[in-house]
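Right, one structure below, let's go through it.
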Amino acid sequence: MGMVGGGKGAFIGAVHRMAAALDGEIELVCGAFSSNAERSKQTGDDLYLASDRVYDSYDEMFEEEAKLPLGERMDFVSIVTPNFLHFDPAKKALDKGFGVVLDKPMTLDLAEAKELNRTVEETGQLFALTHTYTGYPMVKQARAMVAEGTIGNIRKIYVEYPQGWLSTKLEDTGNKQADWRTDPAKSGLGGALGDIGTHAANLSEFVTGLEISELAANVNIVVPGRKLDDDVDVLIRYNNGASGTLSASQVLAGSENGVKIVFYGEKGGIEWKHRDPNSVILRLPGKPEQELRAGVEIEYLAPIAIKHCRTPSGHPEGFLEAFANIYRNFAMTLRAKLDNTSIDTDYSDFPSAGDGVRGMAFIEKVIESSKNGGKWTPFVI
Amino acid sequence: MGMVGGGKGAFIGAVHRMAAALDGEIELVCGAFSSNAERSKQTGDDLYLASDRVYDSYDEMFEEEAKLPLGERMDFVSIVTPNFLHFDPAKKALDKGFGVVLDKPMTLDLAEAKELNRTVEETGQLFALTHTYTGYPMVKQARAMVAEGTIGNIRKIYVEYPQGWLSTKLEDTGNKQADWRTDPAKSGLGGALGDIGTHAANLSEFVTGLEISELAANVNIVVPGRKLDDDVDVLIRYNNGASGTLSASQVLAGSENGVKIVFYGEKGGIEWKHRDPNSVILRLPGKPEQELRAGVEIEYLAPIAIKHCRTPSGHPEGFLEAFANIYRNFAMTLRAKLDNTSIDTDYSDFPSAGDGVRGMAFIEKVIESSKNGGKWTPFVI
Amino acid sequence: MGMVGGGKGAFIGAVHRMAAALDGEIELVCGAFSSNAERSKQTGDDLYLASDRVYDSYDEMFEEEAKLPLGERMDFVSIVTPNFLHFDPAKKALDKGFGVVLDKPMTLDLAEAKELNRTVEETGQLFALTHTYTGYPMVKQARAMVAEGTIGNIRKIYVEYPQGWLSTKLEDTGNKQADWRTDPAKSGLGGALGDIGTHAANLSEFVTGLEISELAANVNIVVPGRKLDDDVDVLIRYNNGASGTLSASQVLAGSENGVKIVFYGEKGGIEWKHRDPNSVILRLPGKPEQELRAGVEIEYLAPIAIKHCRTPSGHPEGFLEAFANIYRNFAMTLRAKLDNTSIDTDYSDFPSAGDGVRGMAFIEKVIESSKNGGKWTPFVI
Amino acid sequence: MGMVGGGKGAFIGAVHRMAAALDGEIELVCGAFSSNAERSKQTGDDLYLASDRVYDSYDEMFEEEAKLPLGERMDFVSIVTPNFLHFDPAKKALDKGFGVVLDKPMTLDLAEAKELNRTVEETGQLFALTHTYTGYPMVKQARAMVAEGTIGNIRKIYVEYPQGWLSTKLEDTGNKQADWRTDPAKSGLGGALGDIGTHAANLSEFVTGLEISELAANVNIVVPGRKLDDDVDVLIRYNNGASGTLSASQVLAGSENGVKIVFYGEKGGIEWKHRDPNSVILRLPGKPEQELRAGVEIEYLAPIAIKHCRTPSGHPEGFLEAFANIYRNFAMTLRAKLDNTSIDTDYSDFPSAGDGVRGMAFIEKVIESSKNGGKWTPFVI
């Protein structure tokens, strides 16, 4: 694979590289790591890349890589730049015939997301969006239990995504991560909403198999002077009549990164939290609470959950492994496509461009509702 | 003390009696335990009461007890009947010169609550409402930390109260508890809202010292055919500008009774949950998470928290002890009043008639907002 | 009931009184609260006792109370003095025809314990030893599951009892609790061993239904200058061939009071810990871990566990309720004895004089083994 | 790197490969994956290795690789075979001038371990033993806190390593992992003792900086007919006078893999458990319990802990990352050695051949003590 972005000091670039490397299925062969050519070169050196495959720009990379024969050139590109630099490289890569793994949220706005989605469909290239949480085995387990009817028709969904790192005006201190995330020109319409709210919304839809149909929101800028929202609460109705709440905030001083979903159907409830990602809790009336555990040997798990574990129960797996599941599935699916073979569809499970469009629509609808005094707003795209 | 309600089979009556008995400060001397005279008598016998002080009705009890000399007659009455039977006995007891401990929610509607509050003020009698959660030492600790400024000005409050016992139409099976709670004539305007939503609202105001100023709600009847709400989500704004959510539901199949509050200020966050009531979690940026623990010997606790513990750290206290704290404080305050002495105000800490009025107003405002499509509705009484 | 000991400032006396009061089945009617007559009187006043039933000595109390008619005199006595003052009042009370509730460990040494046990048998009086942990509903649940064969023949038992309060030489600071517990003349052969080690040993035998048959021990005095052990580790073999460890320590600086037992049979394992006393964990191979929860309405619990709960699931009960279960059962059994009626044997479940003898033997055998270089020592009485 | 062992179906081989790949610092270039040449070749293909670098035997591999120029040939070899196949390939690799990463326990017996250790010293080659748990950032944090004196002189150490997978006679069912681990010819003197007991002993010494000086053990074969121990309890004295227990068992039916250490010094206690590896608990008398959390941005952590994190707090890292820390450190140290540069010694932190010798001695001493009726046995090598 090649990489766009992820130069020295960028957090998420290194995460993508580790995730891609873990299973030995993907080799980083080239990159345009920074808009600064010197910086890009330095990063390439640090990563032991051949210097002729470290490019000054992604345009150059796509151009040059496309000239290489299949098998030698990069098969796909991983794009790990800030939001405002998602659409252009992604569209160009697709148009040049490369698969794309793209960091979330998908684009700067909904229009871009829709166009990118169309490009994916038109080019037939493989595309994945890194909604990491869907990569966790026990999140897939939760989804599988819902699909099997373990808890019946879903009635209630609570999802929360707390963070605390923006509880002060960190963007004024030169912090690079904070800087672009709080800048509408680089981040888009949503602040916390785009950065973590979309994860929460995606998680709720992924796990339950439902779709948000309507929402009423309260979007806040808590830290004075900030230009984008840093806190949001949303009341939600889903397409089967279920209701719930979604809260995402980056100003919860002292809170570490965390995401949690708890939901209930007619026959029981399920809970998963990032704090303890190798467990999923199942509650059934009249029975003891059950804690299902990740592990390659755990026979009571759904097959799709087992296939996304790497170790036996009691060997904690985490964020990088979940991230790696997206990459591994993408690689397996891409290989099958290139080889014209078929694969177990459990291994084709990764977030799509369609998920990305829904994420961008979520941002827009939440802001629309909040601006209209928290009015219930249909979630139509 | 005397008791109104709490005949055989009533859950909360026995709780009140154990809570009152625990500290050896209160003696149950009389009761009108049921509208059924035979049943009342039987309960009195089971409780080893003198038969001449087991009454057929509360009217009779107030009449007869008032004739007895001070010191011999009951000093106050504990009223543990369903909501529709709160106002009348409470008002009559106050008017007859008795103190009152009343189960929540205060009355059937806001008008009654206001009138009862006026009666409390006019008669000068002592009155307590059993919002039990405020009786926990670590809830008082949380409140004390807020008051000391430990986490700075509060920005965000999440409070949730899940239950699962009404996830089916239990009221159709002859279940007495379910029956009156789902009957508007006996329960009032609110179902889950009154039963547990008021606890959650009271807890959020008690702990933070803030007042709800505005709310936008989604009130649901999830179980088909039910006559009162069994599920509610509320977006809230507080009088200092903080925002948050409140969720209360009785249809979360498989969930046990639980209440939890997490809130954050400019300088940190605090969490307390009923599942682990002897701990309170303190989160301060840049420091390890701290778990404060209840215990009579724990010097880092606020004095008010220590005064509401009975045992050293590592000896779990629970629901009955929290309940007993309300009773003990009521008894100590009443004794001081009768003896015309003063007491440490930490021991006068119990929920008031004013809290009860706010609870009833909360029910009305939430329903009003939900009926108006979730419109933001000022919380004015 | 009457009480011996438990004057002002004594921790455990107040605990006994609250435990006895909770269920409304027991009334404190008299006491010899202190060897200091003035102090005894003051305590009696604080407890609202009639002054003529507050005695200068337990000898006087037994004498005078025995003169009162049945029904008026105390039915039994609760003895809450330090260990060296257990045997004499207990034996005298039994001989005078009173039932006895006695704090643990039973006596100052094994010989006394055996004699007291004989007295219980000879007088036919009712006797209970307050090994509190056996009063917890979920401890009884664990025992019931073992008895039902849920985990098969037991193979392994780990029990631990950590405390930290004696991690410095507290006995030199005038601390009354520390003073007598570290004084061989008042505490007996064992320090931590008697105070908490006997709880741990009793718990392991109670829950598993097994008996310790052999042990090898390492008994330590960790704090320099202390006269009695403050830390002990024991390797244990049980009478069915199971093995395990028992650790008890009072020098674990920073540790709160806690006791925990984890044990495994051929078919699964069970865990209970005081830190979360309303849960018991069940582990069965090939199944999710199950968390059973206390609650009067929890139908999957054993009947005996339900009968020792007071509230529904999600209303935490704790140490005082467990303690109260011993008192309530003692009272119910005593009443049945006095009334010559029979009762559900689940309500006769409380620790016996036989348990007390085993506890004293445990102390002696552990010390014997440690003195013999940790030699395996048969546990024969 | 090259690999010896780790053919298809071998659990630990894949773990080593993922751990080595994660950070992009190590490339697998060759292997002798199985004693079965066909199987070795197949594994090499699956791993995308050049076919001329997949060898039929490790002898051949060392021979051929040694002929290649530095930079092209493997720099070190990872040996992931069963215990009986540790010594020979490790010694040969060292003698041929290759660094060695070796799975634990080090060898089949103590004599081999000592000889291998001498070979490491004589050849001057780099050597690491994969005691994985020492790779966890929060284990290093615990060690750092001890070294800084946070809890004072250590008094008490409890370490436990429970597993349940051998609670039945799995070795009779054709299970490959169970087969060699329960076979003295392949596993050595110790069963559970070697497989997990050595991890526990190593962890206790690593974290506390102490050395075991004396032990008294109870070694059991619980499952009838098994040839090696599957359960062991040990009383331990350390070289500073501290005491403690170590329990390791593979017959705890229903228990997942888990390891936990809790230890106390004069001024406080520390707890780390594999179940929640990104936390370490600090207990100080008179202060709330503190939960320190892993994360690259957590400034209160010791520098060495931060250097072994890859993500911010709230992004769980796990077993593979801990394993990868050993590989990354080995690679960095090897590179510095090859480049003749120096590195931050925090990055040279990985288990040594000396640790391996202690592990083998631990096995022998525990068995010796148990055979001598649990006699206290000096831990001298």
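Per-chain residue numbering starts at 1, and chain names A, B, C and D are given in the order in which the chains are listed.
Just so we're on the same page, contacts are C-beta pairs under 8 Å (C-beta built on N, C-alpha and C of every residue); 3 or more make two chains touch, one makes a residue touch a chain.
Keep in mind it's a predicted model, so treat the numbers as computed, not measured.
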item: Furthest chain, CA centroid comparison against chain A; value: C
item: Interface with more contacting C-beta pairs, comparing B-C to A-B; value: A-B
item: Centroid distance [mean C-alpha coordinates] between chain D and chain B, Å; value: 55
item: Chain B and chain C, separation of their C-alpha mean positions in angstrom; value: 34
item: Interchain centroid distance [CA atoms averaged], chain A/chain B, Å; value: 43
item: Multi-chain contact residues (two or more partners), chain D; value: 282, 287, 289, 293
item: Chain D-touching residues of chain C, taken from the complex the two chains share; value: 151-152, 155-156, 158, 160, 164, 167, 216, 218, 220, 222, 231, 233, 235, 237, 243-245, 247, 249, 251-255, 264-269, 282-285, 287, 289, 373-376
item: Interface residues, chain A side, partner chain C - complex; value: 282, 286-293, 299-300
item: Interface residues, chain B side, partner chain C - complex; value: 11, 14-15, 17-18, 21-24, 28, 47-48, 163, 165, 256-258, 274-278, 293, 295, 310-321
